[in-house]
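Structure first, then comments.
Chain lettering (A, B, C and D) follows the sequence in which the chains are written, and residue indices restart at 1 in each chain.
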C-alpha cells in the first residue's frame, strides 16, 4: 500500500507513526524519516508545490522503491505553505518484513523527493526578507548513488 | 544526548517519537527504526538479555555512531521478556541537522545491535514449542559493511 | 493555452499562469523557452535564460527537444527544493 | 567466583550461574571453556564445545587467549540474536 498526501496542516509524526505501524503480521521493520524546519537564522519557511504533479512524482518514486525492495507499505506526507522552526516539513515511512528493505526504501524515496518532486522552498531571514532556497549539488549526488549500484557510505 | 533503556513493558513507538522529536532548533532530520514481532508460524517471542552489559554495549554503539556522524541525539529502547506478534521489540532513533547522518547513525546502531548486544531470542511455534533463534550470517555481513568503507546497496 | 510558472518565475512574472495563443503550437520546449523570455521584465528574462530552469509537459519533466501541442499542460520552474 | 550462562546454555545447565572455586584462577578463557564442559550433562558439554559460544570477561567479549582472574565477571553465551 503506497500513500501520498500534500497538506497545509501541521504534521503530527507521532499520530502518523501510530497509524502506519498498525499493519499486518508480515511487517517486521518500520523505518521513518521526518524532516523538520531548523531555527537559528531562518525564522520561517514557505513551501510551494505543483498540485497533481507532486503527488504523481512522489507516487512514482514509491512505486520504484517497491519494485526494488520488498516493502509492505510506504507513506509520504509533505506539508506546504508557511512552516515555522521545529515544525515538520515531510514524513516518509516504509515497512517491510526485514530492516534492510525498509531502510533502503525510506532513504531512496527521500533522496529522490529532494530533487525530483515539484516543491520549492523559500526562507525568511531574521530581517524578515524572503529568499528562495537554491538546489544543492550534494542532494543530486545522493540521488545519483542509487543508480550507481554501489552506495558510498555517507561521511 | 545518547539514551538506552531495556524494558519488559510494551513499547509505544508513537509516544517515543513524540518525545524524541521535541528537541532543539538544530534538528533537521529524525530517522527511526522499529522492529516488531511477525506473526504467522511464530506465536510468541521471548527475549533474554545480560543486564548491564546490554546497556553498556548499546551505549558504546551509539557513541561510535556519534563519533562517525554529527548526530544531535540517539535513543535505543529494547524490550525483553514475552513479546507477541505485532508488538515492538526494539526502537532506534537518531536526529541530526541533515538526513544523511541520521539515516546512517540509525542503521549503523541497528546493524551492530543485531550481532553485538547480549540479547537472545526464542520463538514459540504453532505447536507451543520453543526454539532458540540462530544467528544469521547476513546480519554479520550487514554489520561488516560499516568497516569496509563502502556500503553495498542492499538488494 | 495556459502555461504555468512556479517559485521565483511566478514571483518575477507576477502571475502563476500565462495565456499563450494556440497558434503558437505545435512547438518545442526550446522554442517556448525563447518566446517566454519576453513575457515579463528583464529580470524575468534573465531567470528564464537560466539553463537550470525546468519544463514539465503534462506533469513530466521534459528536455528542450520535446514537442508541445495545444492542449498539453506546460509549466516552467526552477530546480526543485522540497523535503 | 560465579560464572554466568545465558540462553540455551543456561537452559541446558538448569541454572543461570555456577560457583567456581577461586583456586581455579588465574586461568584463561580457553581453559575455562574446557573445564566447564563437565559442569552439566552431555548435551551441555556439546553446546559448550561449539566454537561459536562466546565468552564475556567483565562484560566485554573476550577471545580464548584472554586471562581471567578471581573477581572477574565471566559469562558464556551463544551468538547474540537481539533486535
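As a convention for this text, a residue touches a chain if its C-beta (ideal position, glycine included) is under 8 Å from a C-beta of that chain, and two chains touch if they have at least 3 such contacts.
Keep in mind that this is a model prediction, so the values were computed, not measured.
Q: Chains in contact with chain B and with chain C: which ones?
A: A
Q: From the C-alpha centres, identify the chain that is farthest from chain B.
A: For chain B, the chain whose C-alpha mean is farthest off is C.
Q: What's the distance between the Cα centroids of chain A and chain D, rounded to whole Å?
A: That pair's centroid distance is 48 Å.
Q: Starting from the mean Cα coordinates of chain C and chain D, work out the distance between those two points in Å.
A: 72
Q: Just how far, in Å, is the C-alpha centre of chain D from the one of chain B?
A: 26
Q: Would you give the residues of chain C that are in contact with at least 2 other chains, written as numbers and ranges?
A: In chain C, no residue touches two or more other chains.
Q: Which residues does chain B have that touch at least 2 chains other than itself?
A: 35, 110 - these are the residues of chain B that touch more than one other chain.
Q: Give the pairs of chains that touch; include all such pairs.
A: A-B, A-C, B-D
Q: Taking the complex as given, what residues does chain B use to touch chain A?
A: Listed in rising order, the residues are 13-15, 17-18, 21, 25-40, 68-69, 85-86, 88, 97, 99-104, 106-107, 110, 142, 146, 149-155.
Q: Under the touch definition given earlier, write down the residues of chain D that touch chain B in their complex.
A: So the residues of chain D touching chain B come out as 4, 6-8, 10, 52, 56, 59, 75, 77-83.
Q: Inside the complex, what are the residues of chain A that reach chain C?
A: Residues of chain A touching chain C: 35, 47-50, 52-54, 56-57, 78, 89-90, 110, 113-122, 132-135.
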